[in-house]
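Two complexes, one shared chain (chain A), two partners (chain B, chain C).
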Partner chain A sequence: MKALGWTAFALLLLYLVLPLLAPVVYSFSRMWLDVLPEGFTLEWYARVAQDPRYLEAALLSLRVALLAVAINILVGVPTAYVAHTWAGRTGQSLRRLVQVLPLLVPPLVLGLGFLLAFNRPPLALSGTLGIVVLGHAALGFPFFFRTVYAGLAGLEVGLLMEAARASGAGLWARLRHVLLPNLLPAVLSGSLVVFAISMGEFEVTSMVAGFGTITLPLLLFQSLREDFRAASAVASVLLYVTLLALLGLTWARRR
Partner chain B sequence: MVELKGVHKRFGPVRAVEGLDLRLREGEFFTLLGPSGCGKTTTLRLVAGFEAPDRGEVLIGGEVVNPLPPERRPIGMVFQHYALFPNMTVFGNVAFPLRLRRLPEGEVRRRVGELLEMVHLVGLEGRYPKELSGGQQQRVALARALAREPKVLLLDEPLSALDARIREELRGELKRLQGETGLTTLYVTHDQEEALALSDRIAVMREGRLEQLGTPKEVYEEPATAFVAGFVGSGVLVPGEAREGLFHRGRAWPVRVRGEGRGYLLLRPERLRLDQGGFLEGRVVLATYLGSLVRLEVEAEGLFLKVDLPPEGVPAPGERVRLALPPEAPFVPEGG
Partner chain C sequence: MRGERFLLVPGLLFMALFFAYPLASILERSLATPGGLSLERYLRALAAPSYLEAWRNSLVFAGLSTLAAAAGGLFLAYWTAMLPLRPKRFLLSLYAIPASLSGLVVAFGFIVLLGRNGVVNQLLGAWGLPRFDLYSWVGLFVVFPLYNIPLFALALMPLMESVGRSLMEAARASGATPLRAWTGVLLPALMPGILAGSSIVFAGMMGAFGTALALTGFAKNLLSLQIYSLVAESTFDLPLASTLAVLLMASTGVGLYLLALWERRFRH
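Then we have the complex of A and B:
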């Protein structure tokens, strides 16, 4: 049994960790012909940093990710609250729908859907920043919703809101002093997930983006053909962003 | 002080409260007692404003409060599971109702200090709820409820989540605090011992209706119905008949009763004695040691009677004994 476990673990390392580490190793090396690479260098990172296209794309990605997070906070927190408060079958179905549906739909289908739905007035968003943001927000929503919903359930939020009402708190005071402060860790970790998904998103973006909305992953894909070294440096940067988000998540959960 | 007039409340097909009329006196400790599902908690929530009656009126301080939400009713409430705000310290929790009223910070400090002194929590101001024991949390909740200076204090099974020892301690303090503040209090519990120990008056509820209303002594010694007799205290209901002031079961028993016709004699374990010349002859079935006393179960004339005795020289199971009956005992008419 133990041997089987170790074998499985080794295989997991092979197909999960190796592909993740490869671009990082590649991005720091001059040559990689044999088993191990040779010649440590920061040249590729320097090249990326000096190319204004990368900086522009990175800033765009950052903007899209922050907007996608903002949309999820504005829409996702009230939705989760309503879903939590609505007992009974309606609430249950709503919950399952918003939690699972976007996870099961292939991103390509979602991208096509976005193209078709936002193609004509008054929602002619094709090729704009708006449609990219909406796409990313939709992709992140199930994860965001799940996290906030779990946070609400763990808080016994209904009871706390009743206690606040019995203390004389109106709706605004209840939201401001009781609901939001207690829900903050869950909102924070949900936001980090949305942020990480958005920063690395390729499929939906590639379908809905226009010439003015080249995000970092799109640029990465383009530059694969011309400069493999620089591309691996960009890929590594995206990986660092994800790892940072993960660290943030762990920190938020611990609090 | 608090009044319910013809209040009805149903949840779908369930009739939670049916035509309830209650009137709490100023400064009274009033308890709603009954098994789960009897409508006692719904009644409390109707007074708090968390539920709206389908029919009838709820009055607090002579004013109809039906249209007011809980935050605008003059109430303070303590919940079974404390419901303290986890993001606030002990100080913050107690200060919350005061700050909502926009009292100056100095005044808030002074009031919170007083309240924490009342519930013996001075020194714990900076702690968070999760750093407190259950008993301490419930004291904070009590201080928070009092902070609003309510006209009525609503307590929803506040002791039932606590350990037995803490429960008894806090019960005593609750009684003392209520006496000191003179605050009209509506208390909900399923624990008859708690109700007897705390209340000025008890309303026993069953299936959304009032079964009996009276002082603890009245409810215990003169139960109006078989349900009350069975729910409050322990005892055995002996079916029979009341005739010419005496209880009859086949023959006349030497027990004076009030009433006439078929019904039940309530024999409490503390009112029966072992006596060589006792009226009933029986056999000890079970002896349970309870520390301060021993409870015997005695089979006599087809009845299983319970007798409480001091723990010395108790007959063993199987021994034959004679039981002396009390000279008078509660009688509950049939169909009550």
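Then we have the complex of A and C:
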């Protein structure tokens, strides 16, 4: 009975891991026509690295992700702080609201909403880099908030801030020198989550992006049809980015 | 501190501008007609067989996906909780990968393994067995648990760690059969986590389309794909897309509300 359970557990883990390994194995093999791949090669990575389209898309994705992270730090940290210190009902409903946001507003709806809302003055953003950045920032916001809020839970941050104020520190100084250093691991974790989501985001991007804002996942979607070899390298690179972000997350949590 | 509450202003502004305003725009566009606001489009959408079918398909797809995720997630969380700290930590980081990974990477992985010329079909072909069709409903039910099972397990994990093991041991020690211990003791205790995981998976599946689009294109009639095709394809019709999006959100909202009502019975 017990052995059966462990076997099923191992099989389930295999199901979870194999589809993630497949693109990586594919990207390093010369041919995969039979059951097992043949020959080691870096050719597909070289092809992608030499194609300016992929390079441009990768740089654009990086820029979008960093900007989305910056917006989340500026907006998310104060929001999580107030939600933490505001006792009673109001604080709780705020937390509830941010928690259900991603459930009630899936990327599909967010993309459509952005398309409708920001395509007329005064906020005519459609097709610009701005709308992609803001879309990613909005998608990541609930996850950033959740991470920073959880980081606040272990700190007596209210007391610290009170003490700093009593000793004459202004608001900006308190935020900069008391709140932020104490929250650094949580802010870093939240930033990595937003970064990973943004780098791989396809759904909202494909709805709001214009011809000038082809991110790496949008290009990967094209390559899935046109050039499966190059697609394997791009898919693997996106996987490496996610893995690095999660490794950083584990590291930030330990500190 | 009271004096710091104004720090909420950027957050409220952000949510108003990037959640409330887009949602209001969707609602407005779904109701606006040349003759003023009307429910005309909703009536039209609900009378069209293909949209009704899409709606039903989405509800069934999300519902079945939730059940599959619950079964797989419970199993995964239970066995993960039994491991020593180090492998457990490693596996928990592993379960976090699919949620933040691009859906296209997952689609790629499954094409390599289960696609027309994929590894599995090579083997099946060599043994003279019928081939597996990744681009079918069954195919989608093989692909999506990769997201849903780890997501569900992660939602369940805190409760499983705090009460799961000790409860199981107590139940077994007092002579309960394994089945009795599961259904009579463990499942009721885990219910809040089960319902939280179900909410996440159900809502996610109602709106999911990226991976499905990469695999089956528009061949499968799901509400999410219908909306996307009205936004991104030549059938471009934003007012109708808005109407379907409101129906999608309303259905998700009702589902989440029912799960929340159910969850309330397990508090205290």
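What we mean here is this: the second predicted complex is superposed on the first by the 241 of 255 C-alpha atoms of A that agree within 3 Å, B and C clash if a C-alpha of one lies under 4 Å from a C-alpha of the other, contacts with A are read in each partner's own complex, and residues count from 1 in each chain.
Keep in mind that, in the parts below, a residue touches a chain if its C-beta (ideal position, glycine included) is under 8 Å from a C-beta of that chain, and two chains touch if they have at least 3 such contacts.
These numbers were taken from a predicted model, which means no experiment stands behind them.
Counting the residues of chain A touched by each of chain B and chain C gives the higher count for C. By the touch criterion defined above, A:A153 lies against neither chain B nor chain C after alignment on the C-alpha atoms of chain A. Of the two partner chains placed by superposition, only chain C is touched by A:P217; chain B is not. In the superposition on chain A, contact of A:Y81 is made with chain C only, not with chain B. Contacts of A:L42 after superposition: neither chain B nor chain C is touched.
Residue contacts after overlaying the shared chain place A:G168 against chain B, while chain C stays out of touching range. By the touch criterion defined above, A:P181 lies against chain B but remains apart from chain C after alignment on the C-alpha atoms of chain A. By the touch criterion defined above, A:L239 lies against chain C but remains apart from chain B after alignment on the C-alpha atoms of chain A. Residue overlap on chain A between the chain B contacts of one complex and the chain C contacts of the other covers 162, 165.
Those residues of chain A that touch chain C in the complex are listed here as 1, 5-6, 8-9, 12-13, 15-23, 25-26, 32-35, 74-76, 78-79, 81-83, 85-86, 94, 97-98, 100-101, 103-118, 134, 137-138, 141, 158, 161-162, 165, 171, 193, 196-197, 199-203, 206-207, 217, 220-221, 224, 231-232, 235, 238-239, 242-243, 245-246, 249-250. Considering their complex, residues 1, 4-5, 7-8, 10-11, 14-15, 18-19, 21-26, 29, 72, 75-76, 79, 89, 91, 93-98, 100-113, 117, 119, 122-123, 126, 145-146, 149-150, 178, 199-200, 203-204, 206-210, 214, 224, 227-228, 231-232, 238, 241-242, 245, 248-249, 252-253, 256 of chain C touch chain A.
On the side of chain A, the complex with chain B involves touching residues 155-156, 159-160, 162-170, 173, 177-178, 181-182. Of all the residues in chain B, the ones that touch chain A in their complex are 48-50, 69-72, 75-77, 79, 81, 83-87, 96-97, 100-101, 141, 144-145, 147-148, 154.
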